[in-house]
Structures are given as structure tokens and as C-alpha cells.
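In this document, chain identifiers A, B and C correspond to the written order of the chains, with residue numbering beginning at 1 in each.
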């Protein structure tokens, strides 16, 4: 498992690995929003938690098809399926690698981008915390979607269509948590729900993803 | 333990291609699969490797004893030769890659990134992967594609050494590798007969 | 005699061929009965006027929209566990029907919402949940379309249906929570069934039964089409091989 994780991380950081692309996308989306809704600080501050959550979600979506597609093309997935580590572990490890290269940087970048949207500093903590809790679920759900579409030649668009509805509960609770945090309201309920979704996804979706990969390999 | 295949029937894309295939492979032996294109050599190897379920029949060998090498080598272009090999060694829980590098004459290339290798060199790296799996039964699908004469000899020597260590190899290839222990199995007689549709029946539409 | 006998495509084709005219006829009768009764022989509501009559389409369609997804879930489970092709083909056949029912529910809701709430659309929890359900139908059907090999498609869509069901249920509750967070005390509650008077209830139940029969009839027709399409594929494949 560590071997797979370190290889995936090495691949992401080498040239052509695509690391940083989703971060740049996140930045651009955030910069575009004020052009769309106007520069008025109060409005921006009010919608900032939601915008940042949607932006992070879309940035996460961008790199999903790389999770399994590259390994499928060059035959690595066939070889991994006959290797001693179970495919469930492969799926979970790849989701973890995706989170480390996408979700974690997005989480860390969010407070910086929040400044651009006039979010008061009191909201930074819950924004970061909600993203830290929610983005692992985004990666795991995305890995499941990527496993479903791995055999398809142009699976990218379909992948978005399949994954985005599955993202809705995570987005609702995550953005709600960040919004309540920014407004100084109690955040216990959305935090617990978010945590529940993340833990549930991590516990169950590796099995669904591995099943989908097995079907796609035969 | 032997690799035994009993009365196996397999399908490609939902269409039966081979039926009633039976074979036995003992440690120390090699078996070469022959047959025209499309007969189902690749499908047979993938089925034995456990990548797809057979239509019927049994495969008497745990998948944990098999190392499979398909058309694609599973190499990462941005990783070096040694890194690629070390990854597989760690996945299979075997440590040393030096012997495998030496056996496939890759020592001088160890630090080169895989994208700078020629097709034949990539193939040699893919075959070196078999050596680090530490598994006894090799399933090889066209292992000599894009290898030059010297590399084929190198590969044949590696297979022979593997057989001498008690390993076994089942391969689909058109070249004569000059391995004395190798038997040949022609798959042509096992071609699945196209069955006529039963009148009015729907069950067979879902074979 | 076991229920699994009908999983045999041949047996299914025979039985459905016999049942189809009866189910379809009964569906037309109950639907017409319920709708005519509801539209022309019930009084206008004192508050909502004649707009209340859209209830006879809106509510049955909404019930069918969710019911169809549960039927697909059950059929997908049967396929994953018992590998009966008819089951998964029925799930595939049901999806467009369910999606259409969802759309009908959404459109009639908008038409009804305009005079009642003064808006075509509100992010009411129930409306939102149906919109999300529509997206799930869309994804399920898109996955079926995208995959060439029918057995691969059957397996993957079934897994998607399973996982999607879990997330659809979570979404349903997430939306309830989210909406409360936005406007305190939902004034746009749509729990009509609870305060529907008897004079509306009987035609409504008739219409619901009619929609149910219509669904079964469409499901049988579409499943038969899918089975025939699969048989055609198999025959063509055999032709090419021979």
C-alpha cells in the first residue's frame, strides 16, 4: 500500500503529473466570481463559503479521471489486479493519493482565496475545517466514479454526470458548516453529518470501486 | 502444485471463442500456446490469471501463484527503470531488483526514465518485472514482441533459469524460443462451435 | 412454482404477452376514470380554485417517480445476486419511465406553483429532492448508453444504482436540513395528502392506481423490447461468427 501511495505521489509531482492544475483552477474560479456578481464586499462575504466549496468541488472533479484511467491505459491496472494487494486497498490508496495531491492543497489554499472574497477572518477556521473533513469524501466518491468509467474511451464528461449528484450531500453539509462558522452559529450538526458522510464513504466505497474495476477489466 | 485447466470454455466480448480446453503445466515445464489470430490466446491467459471469469470449467491453481504479463508492460514514463521495477518488487513483497536488472541486461539503463527507452528496452523492463514477482507460474502474452534476436536469447535464458528453479511458463508466442523443455499446444481444435439458435427460445440469447 | 421461473426470458415473454393487453386496458380505464372524475366531477377548492385539479396528475407522477427508483434498486439487487438478465433489463427499461414521471411531477408542480406561490420554482426541500432524483436517473441512463458490452453495463449500472440509492436518501435529508437553514419555518409545505378532503381523495386514489398500472404496462412493453434487442444482438453475433 505504501509502495502504491509513494509511487502515485511521485507520479503526481513529476513533470506532466498535473499537480497544481486543480489548485490553479480553484484560484481562477474564485477570481471570476467577483466579476460575475460585482465587487460589493458584503455580498461577496456572504456567498464566500458557498463559492469556495463549489470551487473546491469542481477543482476536485477535474483530476478524477486520472485516478484509474492512466493505469488502465498502460496495463498497470491488469497487473495490480493480479498482485497480492486486494483491489479494495488499491482503490482506497488511490483515493488517498488523490486527496493528498488535490483535496489537501485545496483545503490549505481556501483561507487565502477567502481573503479575495472578503470572508471575515473569524470564518477561516470553519471553512478550513469543513473542507478538511469533506474533501476526503469527494476523493473517495470520485474514485468510485472513476472506477465505473475506467473502461470508457471518453469517460470524462460521463464521470462528471455520475459523480456530481453523489457530491450533493457533501456539498450541502460542507458549505452549511462553513457558512454557519462564518456567521458565528453552532456548527455541530453539519460537522457531524459531514464526518458521517466521509467515514461512511471511506468504509464502503472502496468495495464498490473495486467491484467496478473488476467488471471493467474482464 | 500443478497448473491444471479442466474443460474450460471462455468468451471474448460475450461471444464464446474456446471450449473444452484442458491442459496441465507442471513446475519446471513450459507450454507454448499456438493458434491463428483471434483464436482466444489472450483471453485464455487472462482467464487463467483470474482477470475474467470462465464460461465453464475449472482452473486448479490459486491466483496467488501466478504472474501475468500482457501486451502492455505497466510502465510509468516519468519513473526511472529502477523505480518502476522497485515499485513492483514492493507490491509483490520481494526486495531485490539487482538480479532482475542483470538478467535482462538493464543495469546500464537503471537510472534512465522509462520514456527514453526504446520499445525493445521497455519490453525487457516489462519482463524483468516477472522476475521480481517471486511467483512460480508465468503467464506470458506475446512476450517477445519488439525484441531483437539478442534480447530474445536473453529472455529465453531467463525463462530457462526460471524453469530450472522449479518455475513454469505458459506463453502465447509465434517464435521458437529454443527452449527444449517447451511443449506446444495448438488451440485450433478447441475453437467453440457456433451453435444454431434454438427455435423460439430466448435463453440461448443470453449465453 | 417459483417466482424465479419468470426470470427465464422465454417464460417472461409468454406471460407478459398474455398480461400486457389486460394491464394496458385496465390502466387506460382507471386513468381515464380517475382523471375525468377528478377534473369534471369534483368541486373547486375554496382557496385554490380549479388549480387544485392538477393534483390528479402531480401526486401520482411524484409517487411513481420515487417508486420507480425503488423498483430499479430491487431489480439491480436481483441481478447482482442471482444474475437474472430479465431483472436488469427491467431496471434499464424502467429508468426512462421513472425519469419522465419525475419530469411530469416537476412540470405540473411548476404550473401549480405559479398561481399558488407566485413562483414557478422555489428551492423547497421536496422540489429540490425531485430535481436531484432527476439527475440520478440521468446518470444511470447515461451509463447504460456509454458501455458497449451489455453484461458490463448491467453490472456497473447496478452498482451505481445501489450506491446512488444510498446517496439519494442522504440527499433527501441533507436537502431538508439545508432548506431549514435558509428560510426558517418552511411556509411552502406541500403535504397535500394530509389535508385532502374525501371528495378529492377517491378520484386521487383512482388516478394513483391508474398511474401504477400505466407504469407496469410501459415497463412490460419496454422490457420486451430490451429482451428482443438483446436476442437480435446475439443472433447477429452468431451470424458474423458462422
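Couple of notes before you dig in:
Quick note on the criterion: a contact is a pair of C-beta atoms (placed from the backbone, for glycine too) under 8 Å apart; a residue touches a chain by one contact, two chains touch by 3 or more.
Heads up on the chains, UniProt names are A = Heme exporter protein B; B = Heme ABC exporter ATP-binding protein CcmA; C = Heme exporter protein C.
What you are looking at is a predicted structure, and each value in this text was computed from that prediction instead of being measured.
Nearest to the common centre of all protein CA atoms is the CA centroid of chain A.
With centres computed as the average of Cα coordinates, no chain lies farther from chain A (Heme exporter protein B) than B. Counting C-beta pairs in contact across B-C and across A-B gives the higher total for A-B. Chain A (Heme exporter protein B) and chain C (Heme exporter protein C) have centres, each the mean of its CA atoms, that are 32 Å apart. Chain geometry summary: the mean Cα position of chain B and that of chain C (Heme exporter protein C) are 48 Å apart.
Centroid to centroid, with C-alpha atoms defining each point, chain A (Heme exporter protein B) and chain B lie 37 Å apart.
Counting partners per residue, chain A (Heme exporter protein B) has 218 as the residues that reach two or more other chains. Across the interface of their complex, chain B is touched by residues 8-10, 13, 85, 149-151, 227, 230-231, 233-235, 237-238, 241-242 of chain C (Heme exporter protein C).
Of all residues in chain B, those touching chain C (Heme exporter protein C) in their complex are 13-15, 194-195, 197, 200-207.
Partner chain B is touched in their complex by these residues of chain A (Heme exporter protein B): 2-4, 7, 10-11, 14-17, 71, 73-76, 78-85, 217-218. Chain contact summary for the complex, chain B toward chain A (Heme exporter protein B): residues 46, 49-53, 63-64, 66-79, 83, 87-88, 90-93, 129. Those residues of chain C (Heme exporter protein C) that touch chain A (Heme exporter protein B) in the complex are listed here as 132, 135-136, 138-139, 142-143, 146-147, 152, 155-156, 159-160, 162-164, 166-168, 170-171, 174-175, 177-178, 181.
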